[in-house]
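Step one of this worksheet: look at the structure below.
As written, the chain order gives the labels A, B, C and D, with residue 1 at the start of each chain.
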Amino acid sequence: MIRVQTEDFDPGAEIEQLRHRNKGQAGAVVSFIGLVRDLNAGDTVTQMTLEHYPGMTEKALSGIELEANDRWELTASIIIHRVGPLVPDDNIVFVAVASQHRQQAFRACEFMIDTLKTNAPFWKQETLPDSTRWVEPAET
Amino acid sequence: MIRVQTEDFDPGAEIEQLRHRNKGQAGAVVSFIGLVRDLNAGDTVTQMTLEHYPGMTEKALSGIELEANDRWELTASIIIHRVGPLVPDDNIVFVAVASQHRQQAFRACEFMIDTLKTNAPFWKQETLPDSTRWVEPAET
Amino acid sequence: MIQLRYFASLRESLGIGDEQIELPEDVHDLPGLTRWLQGRDATWASALANKRLHTAINQEIVKPDATVTDGDEIAWFPPVTGG
Amino acid sequence: MIQLRYFASLRESLGIGDEQIELPEDVHDLPGLTRWLQGRDATWASALANKRLHTAINQEIVKPDATVTDGDEIAWFPPVTGG
């Protein structure tokens, strides 16, 4: 399941739904939440705006989810990504998977967020106290 | 933070507390939930009982958390493990970490659950339709 | 007609997010289309000269020498930074 | 006095979870204590002969040849299966 939305999401509620989609089958649920940090490259960030490419975004996220489900045995998975204006400590992205085995769950969840970060058409613009700037891809 | 308890836990509430412990600093929260499966080694499991070694359990979990915080830069971490009788789909264990960097969060979270599974004094007894048996360590 | 889209810092540089144009007669591929757009003025010439730009046709990432066909949706954008 | 603890399948085999005993006079290490307990009867001899058992002294996992001292808490248990 994938969602792109301006409104916030509730990780607890999403995990609850995910684990009940295949009741009794999943032994492991791994989730990742990406948050807006109040500092980036040494500068105070007061706001962040997420731009995306409507249409292509949904295709890219669906493709990532499909590939993860091909590569690992998952009983359920979800990607949620917010767009629009956000402030520090806000949720940006949520990726969660359920699997019979924890190694598969960890691998799949990390694959999904890693691939999203390099392949999905989102762009972050940071508002600093005196200016705005587009975020450059992280070296990680 | 570590907790050993018979009562259930709420992953959403735990994640909420974890992420606010260092507001604005963490860019990534990774969590793992271990659940009771309704099938193990091909047999239907109707109930599971978790035995532990009170005192040593808390020492072991604190040691695991401390080592993870030594090895990775975490802004917060938590381990919760349930004991006593459980049924399929129940939560067994919760491990979550917050970090500035997602790779560190994934590595630390997986290290903590892997180490817990091999080093913390918990034992699972499964109730099958006609018998009970002690779970053998997984080969994984 | 082809649909053109520009995102993020490129959109800001160009001052436009999307437009529809007739496919120019002598344009058959992405390098040709990019050169044609760069012919508009110095701003376009400079903005589209950025070697780090990615391109999608019909919402799929494509190689720099991809073919362009009437009816296509073509997008240029800087490296993505989501997640 | 020493405190002895047995867990999980071992506890079930022995029919006892914990006990306090005087440290036997000629026992100074874990192998000695284990042999002394195995001397109780065939059930103890067999249950403690399991090579897969782990041992903790004062709630820390120890090597099979660890020293035993008066006042210690000594635990035997099968491989752990939590998480």
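Annotations
Just so it is clear, a contact is a pair of C-beta atoms (placed from the backbone, for glycine too) under 8 Å apart; a residue touches a chain by one contact, two chains touch by 3 or more.
Keep in mind that what you see is a predicted model, and the values were worked out from it rather than measured.
Minimum number of contact steps separating chain A from chain C: 1.
Taking the mean of the C-alpha atoms as each chain's centre, chain C and chain D sit 74 Å apart. Inter-chain spacing, taken between the CA centroids of chain B and chain D, is 27 Å. Note on chain placement: the centre of chain B and the centre of chain C lie 49 Å apart, centres being C-alpha means.
Residues of chain A found to touch two or more other chains are 34, 113. Chain pairs that touch, as defined above: A-B, A-C, B-D.
On the side of chain A, the complex with chain B involves touching residues 10-13, 15-16, 19-20, 23-39, 88-89, 100-103, 105-106, 109-110, 113, 140. Within the complex, the chain A residues that touch chain C are 34, 50-53, 55-56, 59, 81, 92-93, 113, 116-125, 134-138.
Per the touch definition, chain D reaches chain B in the complex via residues 5, 7-9, 11, 56, 59-61, 75, 77-83.
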